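Naming follows writing order (A, B, C and D), and every chain is counted from residue 1.
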Amino acid sequence: MITEVATNLFWILIFPGFVFTLAVGLVASWLVRKVSALVQYRVGPPVYQPAVDVTKLMGKEILIPQDAHRAVFVVAPLVGFSGVLLLSTMLWLVGVQITFVGDIIVALYLMVLPSLALILGSSASGSPHATIGAAREMKLVLSYELPLVLAFVVVIIKTAGGLEPGEQLSLVALSQQAPVMSISGLLAFIVALLCVQAKLGFVPFDIAESETEVASGVMIEYSGALLAVWKLMQAMMLVALPLFLVVVFLGGIGISVGGLLGGIGKYLLVVVLVILIKNTNPRVRIDQAMRFFWFYCGGALVAAVILATLGNYYGLAWL
Amino acid sequence: MSETVRKSVLAVGPFHPLQEEMEFFQLTVDGETVTDINVRLSYNHRGIEKLSETLQFDQIPFLVSRICGICSASHPLAYVQAVEEIAQVEVPERALYVRTIINELERIHSHLLWVGLAGHFIGYDTVFMWAWKYREPVLDLLEEITGNRNNYGNVKVGGCREDVPDELKPKILAELDVIEQKTEMLTKAVLDDPVLHARLKGVGILKKDDAVKFAVTGPTARGSGVDIDVRHDDTYAAYGALDWKVISQPEGDVFAKAVVRLLETFESIKMVREALRKLPKGPVAAEVKEIPPGEGCGHAEAPRGETFHYVRSDGGNRPVRHKVRAPSYVNVPSFKASCIGEHIADVTLTLAAVDPCYSCTERVAVVDGRRQVVHNYASLLQLSREKTARLRKEIGAPEMKLEDL
Amino acid sequence: MIREELDRRLAEVEEKLIGIERTRDNRIYLLCDAENVYSICQFLFDELALRFVISSGVDAEHCFEVLHHFSADACGCVVTVKAFIRDRAAPEIESITPLIPGAEWIEREMHDILGIHFKNHPNLQRLILHDDWPQGVYPLRKEVQL
Amino acid sequence: MNWKMWSLKKSVWVFHVNCGACNNCDIEIVNLLTPKFDVERFGIKLVGSPRHADALLVTGVGTKQAARRLQEVYRQTAKPCVVFCMGACACGTGIFEGAYHVAGPVDEVVKEVDPNAIIAYVPGCPPKPEAMISGVVKALAAI
């Protein structure tokens, strides 16, 4: 009993949960800054920079604006952070086969949490600029959630043939498949990748908070440890979201050495794709983003659903 | 400005990494269209004109070069020309050439700086980084000649303090070649880019008669088809002996102003080359014994327009009145003509096109009827960039490739 | 417009002037009383199409002087209208902003720092002194010491 | 040295306040970001909100109109923070000493709000970007 609790705690707090995800996330966010710097003829920050940034913020004073709703203002970052923490732990554990049926739905919910927390926190801060940011974030969530769910529907249809009825909603079962190797799966993967880009708040979807207009809308009023929690949350999302794509679309991470290396390769592939999109696109406007996600991505996914169903019916795995 | 506006502006701080002077622009909008604009100065008022009355004629160039960091060659030049007019000093010819070289180098780096910032305003941050990278060698040259990257303090009544050493000539010429090549790339990128055409043309038009009414100068006027240039009209230093032409564009929009600045950079490079070649031998300063009573006007063409100094002397060793007019002082009020009726996405860009010493635009707050801040600098910048992105899409422009630059 | 023509046209307003000074080849000072300044500026700006450069306010010993500098760019000549305001207690002069919108700021500035009142100015608010600056103190007057 | 100080030195987020400068110092500060100097190498980053800042780079003499704004910004900055007086004007009003619209050097203005403020000085007109970097390094080594 005690050992079981200890093991679970270890999984959540040390490996592969909090500490490990954090480490990977901080390195990933360094990668993002470094690549951008190289494009601009600069050297860029050293590899430990994101970690030091966060450590420093932890030691700083927390200022709460006078007009802010204190409780919500303080709790919001923690909510978002715990959402990502749970999500990443769950995803890593997929590798060691400990999970429950239907967890893909839980994962989807957990993925919305950071955005919701951001909206809550910035609306609570009482600053007009943060409010503009919150409104934009809200519209953005509305635009990309639907295509994201549809993308998973494609995957579930796609894998329906090979799995037991109950297993279709389980990440472990899904991670054994690589639906990206088919047309419909590839379409779904591309759309999901763009949704992840938006969730990470990267160009071209960094509409709510962007590094170039550093006034950074939603987070403008946060300082000290609370800001650090946001930064940590963003770093961990940089791990959790690509990992989710790896698990669902690319066949997951194996426990063997080869599987592990392959998994790391797949993760890096997704991250590099994200960085490339970030560095080669100008920012879009919020209504453009909505139109893009609803019409173009939605249309592509409807086609993917049809293709996947047809493929199942006729037994054509490549469709 | 009402107290509410003030407060929200303070609370959120209209500050930005690229912020410069503290002017506060207050825009009134109707929907998305600007209907009125009001400016509050004073944040940067240091009382230079009064201070100047307490300093000696020879000390004042150091004071006036600190009026504006980017125009720190043209302000002292305008001042000493006013004093030389009172004292009837014959300035040695070599000094005139040295003044020309310093002023044109200043113009090159100032225009490159503007190109970078304009890139930043429309969302091409890479252009910003690159233009500033190419600007660095000019500052290094100025440092080698005068001893400082900015605030050269190189002119004095009767001549110059530092000479351009002859052994530095080859280095300056070599650097100029590199700068010319890079500027050519930037210019090509601007003039050929369909997105920039769509984004900048027809935006923030300052009509020719408005330009005259608001008495604008420099590239702002020349972009509106008013081809005035002090260097040409009331020629000073060595400009009369050099071969160059005044660049002007009739359209009056942001694009025209960008074109004027870019083409002027080439003229400046050409002028520095020619001035170096013709640089005569001789002393760089004449002796000035005393400043007799009298009054004088001096003006010089700064990168942003005409710098005007009026000096009155009563025969003592300090002026009794020294009036300074920087180019932005007449260029900035022209926003009243160019911004009203514009979409707010274009406001930052229109303000930036004047190069108002250069980022006062970051003091912008947009208010609606209830006097609440609805946009700040960041969101305006955002709108500006979104418009670029939208136009890119409409035109179907290819991604901007790094190697294009 | 060549220089000779400028000289000829300037003679048209001669009756409104106290005198004309030519300190150097291309510097012309038109001396006048405060009452005539608007009509002279109107002539220079509308008829001769000179460019308005700036105004300087000067605290001279027995009067205030307001100098409107104009530039004749075609011949590189600076034409200055020098108006004398003899009433030191309540200095007042006609505003030229209704004629030249570009003069708005400088007239507000002179109002701030010299205390000269500009009649018919559309918006004579404080421009460059800070919000708590005491009323009635004009820093550019000679009696104010640093 | 405790972890707070160590990390503060390795990751300095700066916020730039102009209170009546001639633009030279300001341009040199922006220059720090550009490829030639690239202070992101040292973890120095310009941020857009004083709440995120560890250091205020103050330029200019502190005119009477701008001084109150500087005090407001200082109050909004999360402590601990260092105030850097960039350039001769900020250090001691420089050539503008005694002018009627100058509230005083930046350190006096800040000390009106917080007598214990940590203030560092980088003189020069303008300080060269190298001097600014070196000033920041030295100031951080001293605390």
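One rule holds for everything that comes next: contacts are C-beta pairs under 8 Å (C-beta built on N, C-alpha and C of every residue); 3 or more make two chains touch, one makes a residue touch a chain.
In this text the structure is predicted, and so the values were computed from the model without any measurement.
Set against the C-alpha centre of chain B, every other chain centre is closer than that of A. Set against one another, A-D and C-D show the most C-beta pairs in contact at A-D. Between the CA-based centres of chain A and chain D the separation comes to 37 Å, rounded to the whole angstrom. Distance between chain centres (mean CA atoms), chain A to chain C: 66 Å. Between chain C and chain D, the centres computed from C-alpha atoms are 41 Å apart. We define each chain's centre as the mean of its Cα atoms; on that basis chain B and chain C are separated by 26 Å. Contact of a single residue of chain D with at least two other chains is seen at positions 34-35, 46-49, 63, 65, 76, 98-101.
Counting partner chains per residue, chain C shows two or more touched chains at residues 129-131, 139, 144, 146. Shared contact sites, meaning residues of chain B that touch two or more other chains, fall at 15-17, 42, 45, 47, 50-51, 129-130, 133, 378. Touching pairs of chains, sorted by label, consist of A-B, A-D, B-C, B-D, C-D. Residues 23-24, 26-27, 29, 49, 51-54, 56, 58-59, 67, 69, 71, 73-78, 80, 100-106, 113, 126-131, 139-140, 144, 146 of chain C are the ones touching chain B in the complex. Contacts from chain A toward chain D in the complex involve residues 33, 37, 40-46, 48-49, 52-53, 55-56, 58-63, 213-216, 219-224, 227.
On the side of chain D, the complex with chain A involves touching residues 3-4, 7-8, 10-11, 13, 34-35, 38, 40-41, 43, 46-49, 51-52, 54, 76, 78-80.
The touching residues of chain B, when paired with chain C in their complex, are 40-42, 45, 47, 49-51, 54, 85, 212-216, 228, 230, 233-235, 294-297, 299, 306, 308, 310, 312, 320-321, 323, 325, 329-330, 333-334, 336-337.
Residues 63-65, 98-101 of chain D are the ones that touch chain C when the two sit in their complex.
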